[in-house]
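Before anything else, here is the set of structures, which you'll find just below.
Each of the two complexes below includes subunit A, the first together with subunit B, the second together with subunit C.
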Partner chain A sequence: MNIKKALTRLTVMLLVMVIYPVTALATGPRIKQDLFTPNANSIYALDFPPFITTELNDGGMAVELVNTALQIEKISASINILPLPRMMKYYVLQEKALALIGNHLSFTADQQKELIFIPLLRLKEHYYVYQPKHPEGLPWQGDLKALAKLVYGANPEEDVAAYQQAGIQVETGNTLTLMEKLKAEKIDFMGNSELAVNWFLDRNFSTDKAKFSKLEPGAGEETIFIIFNKNHPQGEALAKQFKQGLDAIIANGQYKALLEKHFGGSEAVNRYSLPLQ
Partner chain B sequence: MIYLRYLLLLIPLWTAQADIVVLEANESPPYWSNSLPGGGLGSELVQAISDAVGLQTQINFVPLSRMIEDKNNNDLGNPEFYMAQQEFAAIIPFAITEAAIFYYRPRYNHALKLTGFNDLKQYRLGVLKGTLIDRHAFEQMGLHFESSYAQASLFKKLKLGRIDLVFEIDLVGRQMIAQLFPEQKDDFIRQPLPNSISPIAIMLDAEYPHAVEIAAQYRKGLAAIIANGRYQQIVEKYYPDGQLPSGWFANLQRFQQLYSF
Partner chain C sequence: MDKRLWLFLMLFLTHSAVFGKETSTTVKPESVGLSSQRLQRIDQLIDQHIEEKKIAGAVVLVARKGKIAYFREAGLADTDKPMQKDTIFRVVSMTKPLTSVAIMLLYEQGKLLLSDPVSKYIPEFKDPKVLELQAQGSASEYKLVPAKREITIRDLLSHTSGLLYLFPNNYFHERERQLVVDFYKDAGITDGFCRPNETIGDMVKRLARLPLYKHPGEVWDYSLSSDVLGYLVEVVSGMPFDQFMQQRIFDPLKMRDSHFYIPKEKLGRLAAVWKSDWHGSLVRVGDEPMIDGDLALCPSDAEALSGKYLTGGGNVLSTVYDYYRFAQMLLNKGELDGTRLLSRKTVELMTATNHIGNFDATFLHDHGWKFGLGFAIQQDRSHDVDAGDPGVFEWAGIYSTRFSVDPKEDKITIFMSQTSPFNLHFNLWDKLLVLSGSAIND
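== the complex of A and B ==
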């Protein structure tokens, strides 16, 4: 067998190893904690890898933080990860779910009155461009007006008022779609946490990874919240209890330890996130 | 000539009858299968929905990995598996699936009482690789799972006593047992899990031409076959003798609300 054939076979074998678990996953039942009976305290989390994802055993950093705070307060709740903000809204507004976990979730003023927002994680954000389209980057120095007439890729429920006021066009999509649009040169720039972008660069753009450039200075921050529902029979009481649990894990060092575990050390924590308090 | 122009303007830009809508499914009997008459439960329903509104639908069977990787196709299946990778213009749930626990009755001298995860601690639990969503929580509960890559392998292990219980989609499990052990199929006991219900849907890609109009047609067709009894006839072929999971239509309605965009 020549080297080319051997390499082809090896590639096929590796592909099969990577793809097969996905194949199995999509044809079997999803085995979750609430398989027997619905947990009265359902929490829905918006897919946002690596912070919220079914691809990690612990559900990602934000999910593990929530579970740790819940355990300390002995609150029984099940966390389900969903792909779309509008599904999250359905569960909280129509089915009176206990809480949501996520970022970029917009609610009307009236809806907000029925919700209790507790910040979980503050992440630093950066803008990204695709080098073949913008070899010199963008004239970004912290003022959006310098990017007028360009096209910005926003998450579906992101507040884009500042971009529109600066004369920037906006297209929406989830993070993966936006990165594809960036590569296809349909948008000029997008913003996100460096870790979220790196997650998809490693998995979906490994051959073009170097062509995605991060712009400095930073683009600001985004916060992942847990949002309790006052319309759930125990929503307000459990929000208070959860906040006590969160404060406790911050005070006893568990919060910091979890961040360091997921980010990869204290330097990385400072690089990717901002202090919660 | 001017009349011809006006006439052309009166023809709708898109007509349901004019185009064939191509949807993709992967071989997973008894829901989707080239070898089953009518193509399986899902295929029969999709074709009946299409017929009701004069829509031409073609179902192509492709490997699942290709379905998931292709971000511009129209998919058939559980939306939760596809939505993280692809954006859709419309998702139309038209059926549901329910999971069940299966065990091999001759191995026990009494029927098993399985009402919660605590009851499962003493058993070796067989699952399909990749289906454990809350692995961390299950490990903390002290549950012992064994994964297999194939459904057939799970049920063979169950019969041999290498695992005690199998988690599987109810209809798939029943089909698998009937295929593998036709003589002993009544020795396998199944306990449905009512909180495991998931939708089966038609998913139209965000960029698919006229996706919104096509989705409206599919929804109309679905309502029509439910109203005229055709839907019931098809599902009862697969769930005979009153075995249709309770709350089927209420759950279907709930999923339709969840995906109403």
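== the complex of A and C ==
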């Protein structure tokens, strides 16, 4: 090797050492913003255990359904689970997020025009009472008027017009708060999916579990939607593609298999949910 | 059984009960360089506050050179029982230094680094967002921007995480703070002074997904950071937080009366909480929560014999003597009675190093105070709150409990009462530290 070549190589090596200091590499990566890799296709999901929750590795049934439909269509998107409806609204309305997953999300008529609602899961709902306050249950036979003057516990964004028209007072709170209010006898009844109520009964009310009574007949249904944002650059196109993916997993049996996995068998699927189509 | 055998057993058990327990014997103050006469001024200070019905009662301890030189109880623990040296107090935020030590035990085992992002252990903390106000007339009042970096364990220990407590919202009126506190309230986040019906993990995982008040490292704000640390202990150690504290701190330090939930047999030793206007109106607080704006206190929650909420920010019930043992361990650079809990280097890192840069730890203190890893540290003697020496480290609890450790003078001062609101007792505490310091006579 001649001297000129050797000098050139040495210069290049020195330049590399200056530009990429070895000390930074030797100590491993530190926490910097550029270590984050935010996905342009952000989807935000509203906490609703066991259907949407960080407590389960797969994020819960609704999240796994969405991920499966996304995968089949090869759509890259990140799903973040948030605790508050207003954070969801912030991200979709202000940050132009790709989509939301959740139930009980109310939007104005103008906002709805910018959104595409795709049902993911239809859940059967029941009313619940706290036995010490209502040992005989409630006179519920399907007509809300029979429950006039009682206090109903509603989710923060739930449409409560029917309750108010029936003369029922309404208090709001998340599921855990409503169950605590039920136990504290501050409300008379609340409605929710049996699985959602059981989740909190097991975790937070294990000693009082038997005192929470489910009323028959059922109280109707609750739909979990994925809501695409037309204001996202690819919102409409990805909504269409996602719907294809959802239809595909329904057709190939993956949808049913996922429901059976999460609900615990085909009988439980019928007990807790309604057919999507 | 033979009568002599019974007698022997009785004598043995009595001996164990008396001598098996750590003694809280006081020494003659002069033997540790303190003036008995001057220490008596503390009697007068506390008695005067009791006579004037500013407080119902208190227990005060001053120790120097590893010996207790002053240990006195005065007044009432409850309407029908006098204060005792072994009265049990809600030490609330004096739980935080205990939690910090728990984290440092794991740090010394190589289980975590202070520079680790919290999200490494609690994934919900990944990709935090910071609430920033928008210009007037913007579509949204605020914007949630990606944090410049993630929250580290050091941030939690030094309260530079960008997390908040709700109750300071009563005193600091800023729009960003209000908006973040509103998020907390909507998500059911509380300061934990009323014990909610959930696990600390449930709360922390919700909190992690809410906006931060400021970018991590760019603020010093007293917060729920220690509550997050308590859950972190559970995640890293694989043990419930209370069990970890029992096995790794309370048992080795022989803190026999420190608990997260009070044992039934000790319920009678729990002090009542008193509401004082500091002008002669002193009322024992009942079972109802005390709500003052964004401050919610539930003193009667401490009577629960069990529960699932284990918070690193404020759950512990303890005695003056137990807390003295903890403080003495720190003053001894990690060791007490032959048991080494932490290394000298770790205690120095916690108590002698400023971790908040140019910020001042003004909450409870003043300018001239910095923050270590769980304690405020006095930096100079040119400000209004003076604990006697630069290097003094201390913290307090919301029902008027405080401790102060002066490494230079080898001195510990502990005061415990159960009086609310806490912000009226600063005068008493400052005077007590003056009396404790001016009793030094060598």
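Following the convention adopted for this analysis, the second predicted complex is superposed on the first by the 242 of 277 C-alpha atoms of A that agree within 3 Å, B and C clash if a C-alpha of one lies under 4 Å from a C-alpha of the other, contacts with A are read in each partner's own complex, and residues count from 1 in each chain.
Please note the rule applied: contacts are C-beta pairs under 8 Å (C-beta built on N, C-alpha and C of every residue); 3 or more make two chains touch, one makes a residue touch a chain.
Note that the coordinates shown come from a computational prediction; the quantities given were computed from them, not determined experimentally.
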Partner chain in contact with A:233 - subunit B first, subunit C second, else both or neither: neither
Subunit B versus subunit C as contact partner of A:57, first or second or both or neither: first
First, second, both or neither for A:83, with subunit B first and subunit C second: both
First (subunit B), second (subunit C), both or neither touched by A:217: neither
Which of subunit B and subunit C A:180 touches, first, second, both or neither: both
Partner chain(s) touched by A:139 [first = subunit B, second = subunit C, both, neither]: neither
More subunit A residues in contact [subunit B versus subunit C]: B
Contacts of A:94 with subunit B and subunit C, given as first, second, both or neither: both
Residues on subunit A lying within both footprints (that of subunit B and that of subunit C): 30-33, 36, 38, 47, 54, 82-84, 86-87, 90, 94, 174, 176-177, 180
Of subunit B, residues touching subunit A in the complex: 26, 28, 63-65, 68, 71, 77-78, 80-81, 83-85, 87, 97, 99, 115-117, 127-138, 149, 151, 167-169, 172, 193, 195-196, 198, 257-259, 261
Subunit A-facing residues of subunit C, complex: 115, 117, 123-124, 127, 139-140, 143-144, 146-150, 152, 183, 186-188, 197-199, 202, 205-206, 209-211
List of subunit A residues in touch with subunit C within their complex: 30-33, 36, 38, 47, 54-55, 80-84, 86-87, 90-91, 93-95, 156, 174, 176-177, 180, 203-205
Interface residues, subunit A side, partner subunit B - complex: 19-38, 47, 54, 57-59, 67, 78, 82-84, 86-87, 90, 94, 173-174, 176-177, 180
